[in-house]
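Report on the structure given below.
Chain nomenclature is as follows: A, B, C and D, assigned in order of appearance, with residue numbering initiated at 1 for each chain independently.
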Amino acid sequence: MKGPEEFSCRVIEQDALAPDYYLLKLEAPELARNSSPGQFAMLRCSEGYDPFLRRPLAIHQVDRNKGQVLFLYQVRGKGTKWLSMRCQHDKLSLLGPLGRGFSFSAAGGRAMIVGAGVGVAPLLFLASELRAQGWDLVILMGARNKSGILRPDAFRECGDLIIATEDGSCGEQGTILDLLSRELAKSSFDKLFACGPLSVLKGVQTMSREKGIAAELSLDERMACGVGACVGCVCQGHDGSYLRVCKEGPVFSAEEVVLGE
Amino acid sequence: MSDLTVNLAGIKMKNPVMSASGTFGSGVEYASVFDVSKMGALVTKGLTKEPKAGNKSPRICETPAGLLNAVGLQNPGVEVFIRDYLPEMLEFGVPVIANIAGSTGDEFVYLAERLTQTGVAGLEVNISCPNVKTGGMALGTVPEVAAEVVKAVVQATDLPVIVKLTPNVTDIKELAQAVAAAGADAISLINTLVGMVIDVDKRKPFLGNCIGGLSGPAIRPVGVRAVWEVSQLVDLPVIGMGGITTGRDALEYIMAGASAVAVGSAFFYDPLAAVKIIDELDQYCTDHGVEKLQDLVGAAWKEK
Amino acid sequence: MSDLTVNLAGIKMKNPVMSASGTFGSGVEYASVFDVSKMGALVTKGLTKEPKAGNKSPRICETPAGLLNAVGLQNPGVEVFIRDYLPEMLEFGVPVIANIAGSTGDEFVYLAERLTQTGVAGLEVNISCPNVKTGGMALGTVPEVAAEVVKAVVQATDLPVIVKLTPNVTDIKELAQAVAAAGADAISLINTLVGMVIDVDKRKPFLGNCIGGLSGPAIRPVGVRAVWEVSQLVDLPVIGMGGITTGRDALEYIMAGASAVAVGSAFFYDPLAAVKIIDELDQYCTDHGVEKLQDLVGAAWKEK
Amino acid sequence: MKGPEEFSCRVIEQDALAPDYYLLKLEAPELARNSSPGQFAMLRCSEGYDPFLRRPLAIHQVDRNKGQVLFLYQVRGKGTKWLSMRCQHDKLSLLGPLGRGFSFSAAGGRAMIVGAGVGVAPLLFLASELRAQGWDLVILMGARNKSGILRPDAFRECGDLIIATEDGSCGEQGTILDLLSRELAKSSFDKLFACGPLSVLKGVQTMSREKGIAAELSLDERMACGVGACVGCVCQGHDGSYLRVCKEGPVFSAEEVVLGE
């Protein structure tokens, strides 16, 4: 695996998918070539020092032929706000690919992918790679409402897509954990992959334990360096030691980590 | 190419740009990002005798033009460091300085002895960490206590001993004089400022450790002033740090009296910061007919 | 409209948002910009017995997310202040607090006596100015010295006495306890951090005074931490300041333990900052069902 | 005179006059109405805190009928750089009008206007007001080279324009002070007005003294508040006291001030 590099990437296009949700396409041939699903990049989100730290964003999709990398993100604060105002031809500073991504056997199998809210970001790249390697996929997407259901069509190309919204404005009404427990009861899976808020990851962790299905979770933590140098972004490992989310993660197997409050 | 070399208390560096302790891992993390062997020197994360788990999450909080960190000296302990990390650090062919962070004078002595003859080029005595309950800053705020630790370390090793001071004191000059008299070979200025952020939504401190150390451009004026004061008073080389992000920032420190500089938080802003700074220093010397960068050390008070 | 009122050691304010000394002139400068009578209280520039010319130019230097200032307490002297400036300040109908900056204990006593019975609502004893050669910070770093000044001022006036402390000390708790024991009615935290910028082109200090005081968002974590520490230890109301620019910043200070807050450098960034902060505090209380803003004072340590 | 106010102004257009020199037109009817020549505004030059302080810019021109105010500025550092990237429809935060402007008798007379480099910025507004009040004007413009000669046509409408560049690429070759001393020798003037680098202001101050002609100088100083509240922006008065450039100035009579190194 090649180590991370610093790139200055041109914006090819940026689309607002829904209010506050953006899809950013960058010209980044090396990153496209060297990234694997679940990895991320640190993007500088300012011209000056405000904000000072880069922001971690998952690699959402790559087009290796065109040399393009896509990011899917939600505007949360000033970093993502700044990012959302970049236009075609602007250049962005970016460090990547970073971290340890998802792991799966090349032999294929049946997998369940669970993406809550903007947690779907790293999962499209995963789904398309799994699909390409012959896995059967059920993809659960959950959000508060319709506008939080991101890129359903792209996901649908990779497997069976089931959508749930809390207000019922798209797909079924209910939480993604309700859906998950129903689907796990219905049929069997070789592996679970999940990304989303802590509560969802905890639910997945619990169910995976109950059902005895291996699960991989993509964690979120405040980061500074993104490369494992500052030991700033830790989560707790099962033996009580701290693991760097940017280096040992962001993807962990469900047994590896203790999820906090 | 101008002459950027510096002999820092016997540590020969090809340029004055070092990594700041705790921000650069063991260098390998950045090996694919830039040519780490271009650095003047590498400084390790703070080392303790036993492995240290560090503080609970979150450890990082962004602040205006800077960040708070409360890592709490997580490190694998000096033995594992020497066995697993030091060899790869030494491979860059650049002087490696071990930052030691005992919680007692005895632990400092142990660390100093253990690290001597391992290939490290010098020791940085960290009596300025704000993120630990014992040792750390507590040893670095009272001149007599600081002097005692330094004296013991100097006796325990033949390596150059750099003492890293905290700016969280009433009079940093007093401390600098005390550690100079105790035999320090150089002084590092500054460690982080103690700070805190409240999470307004949760109505509690943001960091797992409540308080943290403030670094980044925000604190640069505090660091420059510390270097200005200490370098005029004490006849030891000073390593300046705190918010250095560009070549001009490094020049501020050098002109204020620093013989070398360290880059820390800037790696988070721009992983290429250190190499860019080296290039900018070189360019400045070329543009301004400065033959030897060291001639600029203290220019702001020497040429007054 | 929620209840934003605060009774600060007898000074009744309709909201906790004050101006920070030295950043708001006598208020009239901002009278056409916003309705100054909306402020909780106004604090004057530091006053001395005799007129003071101040430091030479440049006095201001921008820094990352902040600025250095080295005004050096330029002021017209207490007599001219009382005659020419105080009347227009009082016209806003808002408590006016006089910031006094003697260079000796006697001068402090003189100022305190002179300002009593003039209509000012309280005194802020400035033993924390980094930009003057005598008095200032020198009186505010040794607990015994600070206590003596405060004791004398308390005896010289029946006005509430607020003591403004410097963060440039090893242990601000010690100082806070000393001035509390000496009879202070409230504590202001923090004055500026000492800092410096080098003009790389001229190879000399940028400010006319060489060193200056660092303020603005850059120092907010330092101020929040000072308030957190002191408010838990000392049973006096604390006025928090340092980098407050938004309502959330003010809430950080309040939750850390401040009963009131002061806005300084933020006026330079946004002259409407103070009124916006007042509105944002009100809005926060409404949104979160907080009936009385004062119920949030210290929430970050009380609700732990 | 009305006091300063805080405005949020829409950008009508922004033109690059030469590399690094910009003309910015804002929709600001009240500012147009209430400003007088020599006054300035403090413009916020960032979305966040970098830079933190506002930047002072002179009121270059006003169109009271259209409710427009123009600024002419040079890109010096990050504040002006940020400003130069604002486009039509963007909004800018601005405090103004600030300071004491030029003073001149309504009775008219013959005036010499001296503008060096971007120091011409406050002088167009001045020239057009003087012209409107019946003054006869000679306008000297100086710069290093042709690209520093800003808005010559607009100035030419107000009086006799004489241009000098140090490299001779536009107008006469020479410094503006050479020109000034020649012109002062040639004919008599009732008043001098000047803006530019300190060396030029000092030259004007000296010549005005020698010739006994009243002069007004617009000074430049680092500012924080812009309204006289922080006492941060001082110059030295003749009696040794410090004067606030933002309040007692930025325009001072030549006798009032001692110009430093």
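We take it that contacts are C-beta pairs under 8 Å (C-beta built on N, C-alpha and C of every residue); 3 or more make two chains touch, one makes a residue touch a chain.
Everything numeric here is computed off the predicted structure, so don't read it as measured data.
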Chains in simultaneous contact with subunit A and subunit C: B, D
Distance between chain centroids, defined by C-alpha means - subunit C, subunit D (Å): 36
Approximately how many whole Å separate the CA-defined centres of subunit A and subunit D? 54
The distance between the C-alpha centres of subunit B and subunit D, rounded to whole Å, is 47
Got the subunit A residues that touch at least 2 other chains? 49-51
Residue ranges of subunit C touching at least 2 other chains are 64-66, 216-217
Viewed as a graph of touching chains, is the assembly arranged as a line, ring, star, complete set, or other? complete
Interface with subunit B, subunit D side, in the complex: residues 49-50
Subunit B partner, complex, touching residues on subunit C are 63-66, 68, 141, 168-171, 193-198, 200, 203-205, 210-212, 214, 216-222, 224-225, 228, 243, 248, 251-252, 255-256, 296, 299-300, 303-304
Touch list for subunit D against partner subunit A, complex: 46-51, 78, 82
How about subunit C: which of its residues touch subunit A in the complex? 64-65
Which subunit D residues qualify as touching subunit C in the complex? 2-6, 44, 49-54, 93, 95, 221-236, 240-242, 247, 260
